[in-house]
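Reviewing the structure listed below.
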Amino acid sequence: MSSYFARALLPLAIALTLYGCEKPATVKKTSTDDLVVRIGAAAPLTGNQAHIGKDNESGTRMAIDDANARGILIGGRKVYFELISEDDQADPKTATIVAQKLVDDKVSGIIGHLNSGTTIPASKIYNDNGIPQISPSATEVNYTAQGFKTAFRVMANDAQQGRVLGEYATKNLAAKKIAVIDDHTAYGQGLADEFIKAAQANGAQIVAHEYTTDKAVDFTAVLTVVKGKQPDLLFYGGMDPQAGPMAKQLKGLAMKVKLMMGDGGYTPEFIKLAGDAAEGSYASLPGVPLDKMPGGKEFETRFVAKYQPIQLYAPYCYDAVNVMIAAMQKADSVEPAKYLAELPKISLDGITAKIQFDEKGDLLGGAITMYQVQQGKWHALETLGAVSAAAH
Amino acid sequence: MFVLMIAALLFLPFITDALLGRGWVRIVDFAMLYIMLALGLNIVVGYAGLLDLGYIAFFAVGAYCYALTGSPHLALAFPMLFPDGVHLSFWIVLPLAALIAGGFGVLLGAPTLRLRGDYLAIVTLGFGEIIRIFLNNLNAPINLTNGPQGISRIDPISVSGVSLNATQEIFGITLPSVHLYFYLFLAFTALVIFISQRLEKSRIGRAWMAIREDEIAASAMGINTRNLKLLAFAMGAMFGGASGALFAGFQGFVSPESFSLMESIMVLCMVVLGGMGNIAGVILGGVLLALLPEILRHSVVPLQQALFGKSIIDPESLRMLMFGGALIAVMLYRPAGLWPSRVRRRELGSDEADEKV
Amino acid sequence: MEIFLQQIINGLVQGSVYALVALGYTMVYGILGLINFAHGEVVMVGAMLALSALTAMLGWGVPPLLALLLSVGLAMAGCMALGYSIERIAYRPLRHAPRLAPLITAIGVSIVLQNLAMMIWGRQYHSFPMLFATSSHVIGGAIINDIQIAIVILAVLIMAGLMVVVHRTRLGRAMRAVAENQHSAQLMGVDVNRVISITFMLGSALAAIAGLMVSANYGLAHYYMGFLLGLKAFTAAVLGGIGNLRGAMLGGLLLGLIESLGTGYIGDLTGGFFGSNYQDVFAFFVLIAVLVFRPSGLLGERIAERA
């Protein structure tokens, strides 16, 4: 049995090895006259953020399918967009390999990556090759501060979002004593630090700053520490897989504090994992609620029908692709060098916000909406914002 | 034969670039870094027989050495001292990185001298995690490592004033950045192989192998097992530190997530899969395991398309599945590794003879 | 004071979870001297199987208690089959191979199981259905709920049960004989392969229970959950002295307590320089310190290195 298994696998592995050395398969075209434009996408499709990565891929794919269905003409030719999606495993090194592969595949633009930790090393390669990159979800301030002309994002950065969160906690929720927990990833730490700055600037006292990891499931120990400090509000900088159980354990420890999160908590997963402990939790999401934007509700309906409920960044990916295509149309060229010049000047009504970039490539305006869980659903409270993006 | 091999290696980036694309040259570059790492770990695991599951920590130490001293980052922590950050030349940092990593190797080795086998494995694993956690958290109270956000904008490596980060024209040949790094890494890999070979044949190498086979007997023969074990840790760590510095310069960005436990395990797999204690085997293991995930990345979709006309199984899951399967299959076929050392092979042979009796 | 008590309870619960998984590691190690790196993944498969079965049965209207029992049984059976196959395919052919070979296959099995689970159950986090209204109890200001009490009790019971099996039954005697020396055991008429298979199946059945308890306690299951849990449990087993059942229990509880008390008080102890971000560093330091003074763990026996 065992040797049979082994014998079957090895030739297969060898066959694959040989196969892999061949050139990538030729592109399938709808008709010979079509201009094929490749759009690269990169996100973790394996590992514990895979569900969010897949969501990104689906959002990107839907935008591309829509564009193909619309039939876009550039330079007098009908354009067929082709998605090349790669798994960066949320790992910086793999991200650079993937980036180089996408460059090799002659993509005209990149939608990605998902994490700041992968977006930054990859951005160097895209910049070296002059390929425009629009990240739907990287929030770390550094990404657009490297001076790369090719780096854009359609998501508010940590400074923009942390500030709105800090102000909301202190002003609207009147929190005086605030505890902070972050998962000490690039995202969680970046957001938590900006939140703390804003909260302190508005007179709140940070009574505890505790840490967990993005792989943890047990938070009782840190929560007990927080409990001892008796805060009015707990801010968590991290993603939903931790935020959900954390809300549950918060309730289990009979702690009556308001739980507040950034965009990483604004997911259906959070409510699913936290159960009824999710009730009353706050989270923010850059942009305007989908149903307030033209086409937003319709996007959601179609997305859910085609894939699954929106996890997080699918609408941003959708917008990112559309911004890129709009720039191509404006430049009447799919050449990166040509349409890159149009990207900073673009103004597009997306489904998440009106998308315009500032001189660094950050989202201009940066409206941020606060949400609360009410009766087991995320419910938009108010859209704050249009804070000047040039603040940082 | 030897000349042919060298010629082939010199042309490798061009051939790879022409046939498969530039992405593959980058993958080959990473493979060479892994070969250096695997050869370093081979000293600890293969020669001295000390199971080390935290080896990537030394790689991290080396990488951060160059990241800190070759980027604007330290300007954040010490604006008075270094207004523009520290920008030491790579060639000054490289020996320093190796030495510091070697120091860490001794630091790890010292408390673990009495431990054996799996106890040693878990302590080294813990050591690797400790280093990673420190790197991840030393952004406060002083921002030393920039924590999880990592250090970006690391200066590229330059050789006699020529930056390897840009395309260069040398003797009329256009050399893109990845090619330049290939030659740099090739030179270092050759150096590491040379040192490994000399070590293997030396008194020290033979003493290590004596310890690996039977520590008590070795010490009875007058071998100072304590010093030699520490030396093994230090030597292995130095290789790791040097390749770490190369990695930081090559990638221009380091963050703690590049130094997770999975990476240590991967390097160990290279050593064991290729053939512990045999340099050629370890190189083979490094090449295979560094390339296999990428080969699978490029082949699973086309293969499925060829077989079934569409993509049935998610390529990403299938890729890792095949990788795991390959690890199992190779070990079942060749338990001593694909290319074991002669000594090992003899040992195994005699083992089977024992069985039959 | 109530905060301190709460941290003790947190540590005990977390520690019992580690202990449940560590028992499985230690069973296999005690007999084969092999780190079954894939054990964490077996725990994950157990949790996933139980969760799917439970969700399905609740959907069909099976009463909660019956559904729970049936799905525990199913998960145990599934994991036993899995444990048996892992041993047959990945470990048995390598029993006389160099010591590191089975370690590599174990890593391979671990990767394969993780990715198979991802294909079957998807990338989503699965939430654990509410079966009964669990009530919380307040002891001296600290809170503990029914599931947590069940975990602590179950861990102790399972350890006791295993002790009885190993030290009081015929099978246990055969296990100890195999652990001592496989060749001699065979000469004495012990069916070595069978004993090893049974050990793996027993360890895997434990993994299924552990998986179910973990996912019930935290309310979720995910294809990635096994890796870190396995690692922590392995640490616990080594801390206590791997191969020793009481050691696994002690190591697990100790690791849990170190983690929760470390998180709670490390900041105050070091004047705020170290915080809960150094929780794992603290745990590993204790481990290294213990091993420096007792190289075979707290309760481990001094054994010579296997050749």
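Order of writing sets the chain letters: A, B and C. Residues in each chain are counted from 1.
One rule holds for everything that comes next: a residue touches a chain if its C-beta (ideal position, glycine included) is under 8 Å from a C-beta of that chain, and two chains touch if they have at least 3 such contacts.
As the structure is a prediction and not an experimental result, all values here were calculated from the model.
Of all the chains, the one whose CA centre sits at the greatest distance from that of subunit A is C. Two chain pairs are in question, A-B and A-C; the one with more C-beta pairs in contact is A-B.
Inter-chain centre distance (subunit A to subunit B, centres taken as mean C-alpha positions): 32 Å. Mean C-alpha position of subunit A lies 35 Å from that of subunit C.
Those residues of subunit A in touch with two or more other chains are numbered 2-3, 5, 46, 50, 184, 211. Taken residue by residue, subunit B touches two or more other chains at 136-137, 314, 317, 320, 325-326, 328, 332, whereas all remaining positions touch fewer. Each of the following residues of subunit C touches two or more other chains: 89-90, 93, 115, 118, 277. Within the complex formed with subunit B, the residues of subunit A that make contact are 2-3, 5-6, 9-10, 12-13, 16-17, 19-25, 45-46, 50, 86-87, 90-93, 96-97, 100-101, 103-105, 116-117, 120-121, 124, 128, 140, 142, 146, 184-186, 188-190, 211. Within the complex formed with subunit B, the residues of subunit C that make contact are 29, 35, 89-90, 93-94, 96-105, 107-112, 114-116, 118-119, 231, 234-235, 238, 242, 273, 277-278, 280-281, 284-285, 287-288, 291-292, 295-297, 305-306. Against subunit A, in their complex, subunit C makes its touches with residues 3, 6-7, 10-11, 13-14, 17, 88-90, 92-93, 115, 118, 122-125, 127, 130, 136, 143, 145, 214, 218-220, 222, 224-225, 228, 259-260, 263-264, 267, 275-277, 279.
Taken in their complex, subunit B has these residues touching subunit A: 19-24, 26-27, 30, 136-137, 139, 147-150, 152-153, 177-178, 251-255, 257-258, 292, 294-300, 302-303, 305, 314-317, 319-320, 322, 325-326, 328-330, 332-333. On the subunit B side of its complex with subunit C, the touching residues are 45, 51, 111-112, 114-119, 121-123, 125-127, 129-130, 133-134, 136-137, 141, 215, 261, 265, 268-269, 272-273, 276, 313-314, 317-318, 320-321, 323-328, 331-332, 335-336, 344, 348, 351-352, 355.
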